[in-house]
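Two complexes are shown next, each including chain A; its partner changes from chain B in the first to chain C in the second.
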Partner chain A sequence: MTGLRYVYAVCHPLGAPLQAQLTGVAGAPAKLLNHHGLIAVVSHVPEGDFAEEALHAHLEDLDWLTDTARAHQGVIDALTVVTTPLPLRLGTVFRDDSGVRVMMEEREADFRRTLDRLAGRVEWGVKVYAEAEPEKAAARPAAKAASGRDYLMQRRQQARATDDLWQKAEEFASRLHDTLSAFAEDARLHAPQNPALSGASGRNVLNAAYLVPREGSEEFVELVDRTKDDVPGLRVELTGPWAAYSFAGDTGAGA
Partner chain B sequence: MSMAGRMPEPYGQGGGANLADILERVLDKGIVIAGDIRINLLDIELLTIKLRLIVASVDKAKEMGIDWWEDDPALSTRARRDELTRENAELRERLARLEPDRAKLEPDREKKEQEESG
Partner chain C sequence: MTVVERREIALVDLLDRLLAGGVVIKGDITLRIADVDLVRIDLNALISSVNEQVPSPWGD
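Right after this comes the complex of A and B.
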């Protein structure tokens, strides 16, 4: 047998068929490997790209990483439509099917416990951006300072305006997080995002994930929508529904 | 940036998701299992930590014109392999000229664009 096995997720047997022609990270179709009533979602990947050394080198290549991450997420996303998958971290690779089976056997109790905990739930991502900063910067050269003292005063005013904005942004973000956390079953705060990667404008002041039952999702989205125009200069962004990435690892290895 | 905008969204629901949304989940969240292929998880963690650190200092980095993933030894052995990489890039360019279809697979082009715009 040539090729290695890349594992995307573990889930219960699917109630509905997986989307036909679902392609995985190396362009090969994603397949279901049943072991003792649990499913591992796998695909063949070439040894040339996914053996230790090659994979290591690839992971340092942001372009390769981008393509692979998107393909990985594409499979997880298709699964999320039909079931509650436990997403594995990118780059989980085995020599062959029997390697996958051994892993499934070793982790079976963990998987079942986590699947029970997350069944019927999805993750929603909510980010808040403060957008007013560029306007302030642009306004600066307009008023030319007549003296050193004026200059310092202007600087102080600018600093104060920026502080106000940050304070407002922080208050808004923490109020929003409280509201959404109260609705959601669970919540996680993530580090703010790097604009170079996200391509988003403004400064990311809240980056959070919320675990919400599928049937509560509509209401959750409405709840987020209602906050959107609350404060000028602040922007709220919603992503999802995601597989419960941010909540899957909790009872991981040790539990 | 060009990286994020280069490709159409491969999935419909998470329409607002950007590259950072995806990377933070597939690299840093989800279940960690040691497979047969021992990728150095520490390195992935380094990479993730790097993504985080950059968040805090991205403005400063931009000011200084740092192409952050390029010259960071923790992120990239490229800094150490500089010559090999350059040679590789040259070969890729030649190959790209011979095979126009492969041009879009060439990662170094993107990075040059990054360097010029950053």
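Right after this comes the complex of A and C.
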């Protein structure tokens, strides 16, 4: 009758109040559930949408997923203003408050350890895209080939130019990753993004996350910024600061 | 080369973190979000993006 409990994050008791009227994934307000000195941030969600079967069906609905992901992120963002939250994976759902409490009890030591490891840290996302220059791209029909042999030669040249770019992109990306990893406390590599989903142009050759102390963030951003002048045809994208999603999962066996 | 800082958070960046990151806890509702197939979500996105932008990449 009262619905299920969706859990966003676990954190230490807040030093400052959470923004008033913070709305969660299904429009219900997010609230704090205190258990033995740790806080679970939860909201009520309807069973019709969040019970196992329904949730699985919804997860394949991109519009629903978008709304839910943004709402989840909204709560995490608000928490990030006042604390360093330990974010949970999207769609962590319990029957009721007591289910959440049991979980908190079981995982308490784990949570405390991870909260300590992440305290005062944020995550920055860095992506590198390689964009074949239009005039070199294979799609362009070359100046009329006089013969089959010319045609093949032109094709080969185009292929070579593209290969060169990919190779340069790979080298650049791994150099950048080394530099940033050396600065950051920890790093994770995400799978390259699908351009259909990202809408970004070019091939995604690096999709990484870096764990950086808040006070080191400015320097980290400058470090990324300094890569500007390097290779033509490459684009670097920076996102963040994020709550440390990519570093919440395991106990810090570095990437 | 340019470094772009995007203002609005892209859905993909969010999904990288919300579906592949975060603490995995098995709720008492037996959810297995850990198993959510990102490839399948990618595929759905591909299908919907093809539907939206009418000239499909392999259409002409």
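The rule is simple: the second predicted complex is superposed on the first by the 243 of 255 C-alpha atoms of A that agree within 3 Å, B and C clash if a C-alpha of one lies under 4 Å from a C-alpha of the other, contacts with A are read in each partner's own complex, and residues count from 1 in each chain.
The working rule: a residue touches a chain if its C-beta (ideal position, glycine included) is under 8 Å from a C-beta of that chain, and two chains touch if they have at least 3 such contacts.
Remember, predicted model here, so these are calculated numbers, not experimental data.
After alignment on the shared chain A, the placement of chain B and chain C results in a clash.
With both structures placed on the common chain, the touch criterion links A:Ala71 to chain B but leaves chain C unconnected.
Once the two complexes are laid over each other on the shared chain, residue contacts for A:Glu60 go to chain B and to chain C alike. Of the two partner chains placed by the overlay, only chain C lies in contact with A:Val236; chain B stays clear of it.
Applying the stated contact rule after C-alpha superposition, one finds that A:Pro192 touches chain B and leaves chain C untouched.
In the superposition on chain A, A:Val224 makes contact with chain C only, not with chain B.
In the superposed model, A:Val205 makes contact with neither chain B nor chain C.
In the superposed pair of complexes, A:Ile39 makes contact with neither chain B nor chain C.
With the contact threshold set out at the top, residues 4, 7, 10, 50-52, 55-56, 59-62, 65-66, 69-70, 72-73, 86-95, 99, 103, 107, 114, 125, 190-191, 193-194, 196-200, 237-239, 242, 245-246, 248-249 of chain A are in contact with chain B in one structure and with chain C in the other. Per the touch definition, chain A reaches chain C in the complex via residues 4, 7, 10, 50-52, 55-56, 59-62, 65-66, 69-70, 72-73, 86-95, 99, 102-103, 107, 111, 114, 123, 125, 188, 190-191, 193-194, 196-200, 207, 209, 224-225, 227-239, 242, 245-249. Note for the complex: chain A touches chain B at residues 4, 7, 10, 50-52, 55-57, 59-67, 69-74, 76-78, 80-81, 86-95, 99, 103, 107, 114, 125, 190-200, 204, 237-242, 245-246, 248-249, 252-253. Listed in rising order, the residues of chain B touching chain A in the complex are 1, 3-5, 7, 10-11, 13-33, 35-40, 43-44, 47, 51-52, 54-55, 58, 68-69, 75-78, 107, 110. Residues 1-6, 9-25, 27-31, 33-34, 36, 38, 40-42, 44-46, 48-50 of chain C are the ones that touch chain A when the two sit in their complex.
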